[in-house]
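Think of it as A, B and C in the order they're written, each chain with its own count starting at 1.
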Amino acid sequence: MRKHSVKSAAIVGASLLVLAACGSNKTEGGGTTGGSCDTSKGTLTVGVVAPLSGNLSALGVGIKQSAELAVDEANKKCTVPGFKLTVSAQDDEANPAKGAQAATKLSTDPNVVGVVGTLNSSVAQTVQPILRDKKIPQVSPANTNPSLTRGNDFLTAPKRQFDNYFRVCTTDDLQGPYAANYLVEKAGKKKIAIITDGKTYGDGLAAELSKQVAKKGGTIVGTEKVGEKDTDFSGVIAKIKALAPEAVYYGGEYPVAGPLSKQMKDAGLDVPVMGGDGIFDGKYIELGGKEGDLATSVGAPTESLATAKAFVDAYKAKFGKEDYAAYGAFSYDAANAIIGGLAKTVEGGTWDESKRDAMLTNVGAYSGSGATGAVKFDQYGDSTNKVLTVYSVTSGKWKDVQTGEFTG
Amino acid sequence: MSTVDTSSGKRSALAPLGKPFAAAGGVLGIVAALLPWVTFTLNDGNWPDKSTLQFFDAPFLVTGFRWHLLVLGILVLVAAFAPVPSKGRVVRALGWGLTIVSFVNAAYITVKGGGLGAITALDGATAFGGVVGLIAGVLTILAGYGIGIEPVGEWKFKVSTPVAYLVLLVSFGAVLYAVAAMLTTGGVGSANPYAGAIFLSFLGFAGGLLAALSGVGFVRWISVLSEQHRVFSVIVLAACALLLPFTEAGNEYWMTVAANIGIYAATAIGLNIVVGLAGLLDLGYVAFMGIGALVAANFSGAATAYFGFDLPFPVAAVIAAVVAGIFGAIVGSPTLRVRGDYLAIVTLAFGEIFTRSAQNDIGGFTNGSNAIPGIPALSLFGAEFNKSFTIGAVKLPAGVLYYVLIVLLVAATMAVFANLKFSRIGRAWIAIREDEDAARAMGIRTGKMKILAFLIGAMLAGLAGAVFAHKNGTVSYESFKFLESVTLLAAVILGGMGSIPGAVLGAALLFVLPEKLRDFEDYRLMIFGLALILIMRFRPVGLIPDAHRRAEMVERADENADEAHLEAKKA
Amino acid sequence: MSVLLQQLANGVIQGALIALIALGYTMVYGIIQLINFAHGEVFMVASYGGLATFTLLPDDLKKSPAVALPLMFVGGIAVAVLVAVIMERFAYRPLRNAPRLAPLITALGVSVFLQEAVRVFYPNAKSNLPYPKVFPEGNLTIGSVNISWTGILLVVLSVGLAVILQTYINRSRMGRAMRATAQDPDTAKLMGVNPDRVIVLTFIIGAVLAGVAGIMFGGYLNNINIDMGFQNGIFAFTAAVLGGVGSIRGAVIGAFIIGLIKTVAGQYMPGGTQYDYVWIFVVLILVLVFRPQGLFGEPERVRA
């Protein structure tokens, strides 16, 4: 027994020595920053608040890494002369209380110039006031709830809620109605059933859609909810099928929408499924999205946008795979808005607390061409990019069928 | 008890080596503190507390992990040669401290430096600090086994009240210092790239020290003392907690975190009544906190609240507690017929029904997935709780008033818990937990008592929820999911079921650790799951076991250990 | 009417799936009185194991379902059995004489751990993964009711395996040992039964059934995610409790009841599919209150 352990200890020791001899690797990851740029004035931080653990982490990690990409590129291009930029990503666990902690952590750091995030609207609600008190701009890549910028009466009496809050994504009150117009007028589907996942994004989108459908003379034949983690939708489908809809609108994201579409077809309900930008993802088709399914997405089609392609290529080059998920491109644009605003604020000078007001103004006035199209904010902090595109699944791929702006 | 067998086997082989190993371990620990640890400057900047040979030039400026190693090394030497009770335990604990500190630092450097070259020899430079430290740690642990693991020493001597007060005061002061140090190690902002390593290393040091103190019997003595002077201890503890904002940890971030910890700690104490005292497993407990938060939110005057008027916070909080308590009694009512494990599934079902209902805006009370945002911050005498606050010349960070409120809340729930535990009701609960049939035979009305446990536990959770609503400003169903219930349960168990300070400690650890270890966020839940398994395997009584439970769970294990020990001695 | 029939068919298929998982719960509980919360994760892990097996197959084998499908079953079941045995050996066995809450909390820990381990280490498991199309495609259509062939296969497998299991436990020597251990472990030991072996075997049988369920789940629904174990695990445990813990027949019938309640209540009860599983739990609570031992369980014995 003892002999044995001595022997194994000797083996372990020997292998450690071998490892020590060859493991003399000094270069590490992340060493690409800096380069030839002047970074003498120190380091500034772009914060990210997103769910980095738990079951929404795929989306959160996409947001984080895309922001890292933007910061990396800015460092290479010396966008903010004199400073090195870093990303500090904080996990909000998709939980508002944890989001508040993450935001407080960032807001107590004097070097944090702006925050990209959050994913969930409910988390945004706790993060907004904390960052506002410190005058830190927050640019969300994913919050689509209109009330975040324009208050509860966003249609009748819009009022800016937080002067530090911006978003690069579109809001439910544009995307929903635009989809409704397409479904009722272009596709001629008058009887529409709605399924949502009961979350802010899906519910909000579906609510705005149903208003517009009614306005255009269509009818909503039924509304059902599924759990965001469900995998078996046979009960919902049987229920919907009895109502004989001509199309189904799904408010939610692709992990549910793809299987739902497939199971609908299998159950003999072969009508198109339509959704928002949450289902506009290649994985939707992989998971069972069928031919003729529709999705709206913000901006003009990516093939027509050189910046979008550049983003995808750069992302792939940096991280090795295309896992930027649904909000990666938005996050990239959001980070660039903060970096752009910062470059203008600093403009060869230094950074201190007194520049926070100017920073807010400059982020608000930022205008650029990003991975999702033109990036610019209106008086409420919403994106001015109101171009929407309808895509359809055609021979296993998303293909654009209509691009335009929602005009009522 | 196979573990005991192997250790006794090892002991016979190691016994003569105990002291020499301890001496070698102690010396090597000190040497490791003075050796260089890194062969080159890492890309993210110097390893904390310098990493070159300059330590030999300026050994008195030793700080950080080197200082910890130095202290541990000296303590090992002292423990090995001074007459210390249960020497083996102490030495083993210090050995673990040495090992963890060395391992954390060496492993980080290895990973960040890209290979073992970083902590051995490279480009003409040598840095064997990590290796030496690890050897020192392992030697010391073995020395501990060699000396022999005896039962924890018991300090029987009595002290007069003033001395006891002084001892308690000093020890709680030390706890405050340790907590502040733990919170601030590694810095707050995103500035320090090695924050995770510094923190883990500190944790190893503090844990080793604490385990050594507990091995000597000091911790048990203190807990006996504080049990004897309960009122005094609670007051001192509360005062220490209130002093936290004046330490280094008194910044907005830690105040926010500490306030959240306090809210969960208060809830955990409530859960402790249900699980720890009455022995009823509740897997949907966070729902009661959610109910409390929703009630408070709806009476807060927020734009999307159900009621258009706002009630003063104390009134709203009482209503929140009452409503949560009513739900608690309803959920608890199947316990009249349903036993043990079946109850777990009923409570789990209730928790799921709560989140589902809240998500679907049941009755218009929850605002569905949009949550209820914009709940105004509390204010008292014109002082807004979320703004910074000045006393005389000292400017306290924002959120400090919430912290104070929550400390008071936790103190109050602790008082409630303590009084209940030692009352007729508390004894009835414990009796039910131990043996329901026997309890009934003794004339305890078990049904009524079980529902009462649910009711009181839920009320405490509801109260905590009311504070939660105002503290966070948003109430969303997403804050009250199943995993939160599991985390609360884990807090109770980690701290020690039925133990008052245990629940607070458990909650604090489970909420501080993820904050401190944000580097590992992707693995957070996995580590959490693993930790649950390991705690149940190796320390099911928790970190601060309740005296009564200790009697029933540890003594049995100790008896076995004692027997094995005796046998070993005979042989 | 056709809607009701369709929903009943859906309910039966869901019930069949739940039954396969519930059998594992009920057997483990019957023998060591442990709610093995992690059993749902065994089912999930099996599903990923089957998917991994398929991914590792050479391309030409992927195209022939007759080869790929059995291999997936083998792979998935092997992973499930491995996980279950390790779990029993290292997490539960050391706690066999511990207070009752301890193994239950360990089970929660194992459940969280397995779920997270798959999420972190299985490639792309952070979101749903599509399942390969190696199952019989198409539907059996009766009137306006569609039933997929995979669903029918699932029901056949589920009922068939339950019958085999029942026979095994009633007739075989090992089955007798299991029943003996369930009734009184100490006496069983005196009679020459090795309780460790019996318990491991119980876990293995549970894992095999969960493995079959995991593969069939992927085939029937064409997508899997890491949450599937927890959700279906809760249903399965509810089914086991409903039927009377320890009873094979009870677990299967309980599972079908739950599947049917879920689909029918989703169709006809107020709140629809949003509240479908509220009704499951309402039925569960009612059953427990009026018949605490479950529909087919024996009245609870007082245990030491």
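Rule of thumb we're sticking to: a residue touches a chain if its C-beta (ideal position, glycine included) is under 8 Å from a C-beta of that chain, and two chains touch if they have at least 3 such contacts.
According to UniProt, the chain labels map to these proteins: A = Branched chain amino acid ABC transporter substrate-binding protein; B, C = Branched-chain amino acid ABC transporter permease.
This structure is a prediction, so every number in the text was calculated from the model and none was measured.
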Minimum number of chain-to-chain touching steps separating chain B from chain C: 1
Central chain of the complex, centres being mean CA coordinates: B
Pair joined by the larger number of C-beta contacts - A-C, A-B: A-B
Interchain centroid distance [CA atoms averaged], chain A/chain B, Å: 35
Sites on chain B at which at least two other chains make contact: 360, 483, 522, 525
Per-residue overlap in chain C, given as positions that touch at least 2 other chains: 274
Contacts with two or more other chains, residues of chain A listed in rising order: 57, 198, 225
In the complex, chain B residues that touch chain A: 13, 40, 42-44, 110, 112-118, 120-123, 188-191, 251-253, 256-257, 260, 303-304, 359-360, 368-371, 373-374, 386, 398-399, 468, 472-474, 476, 478-479, 483, 514-515, 518, 521-522, 524-525
Partner chain B, residues of chain C touching it in the complex: 29, 33, 35, 91, 94-95, 98-106, 108-117, 120, 234, 237-238, 241, 271, 274-275, 277-278, 280-281, 284-285, 288-290, 292, 300, 302
Chain A partner contacts - residues on chain C that touch it in the complex: 2-3, 6-7, 10-11, 13-14, 119, 124, 126-128, 130, 139, 141, 144, 146, 148, 217, 220-228, 231, 262-263, 266-267, 272-274, 276
In the complex with chain B, residue positions of chain A that touch it: 2, 16, 19-28, 30-31, 45, 47, 52-54, 57, 86, 88, 90-91, 94-97, 100-101, 104-112, 120-123, 125-126, 129, 133, 145, 147, 152, 198-200, 203-204, 225
Touching residues on chain A, where the partner in the complex is chain C: 55, 57-58, 61, 198, 224-227, 229-232, 234-236, 238-239, 241-242, 254-256, 258-259, 262-263, 266-268, 283, 286-288, 323, 325
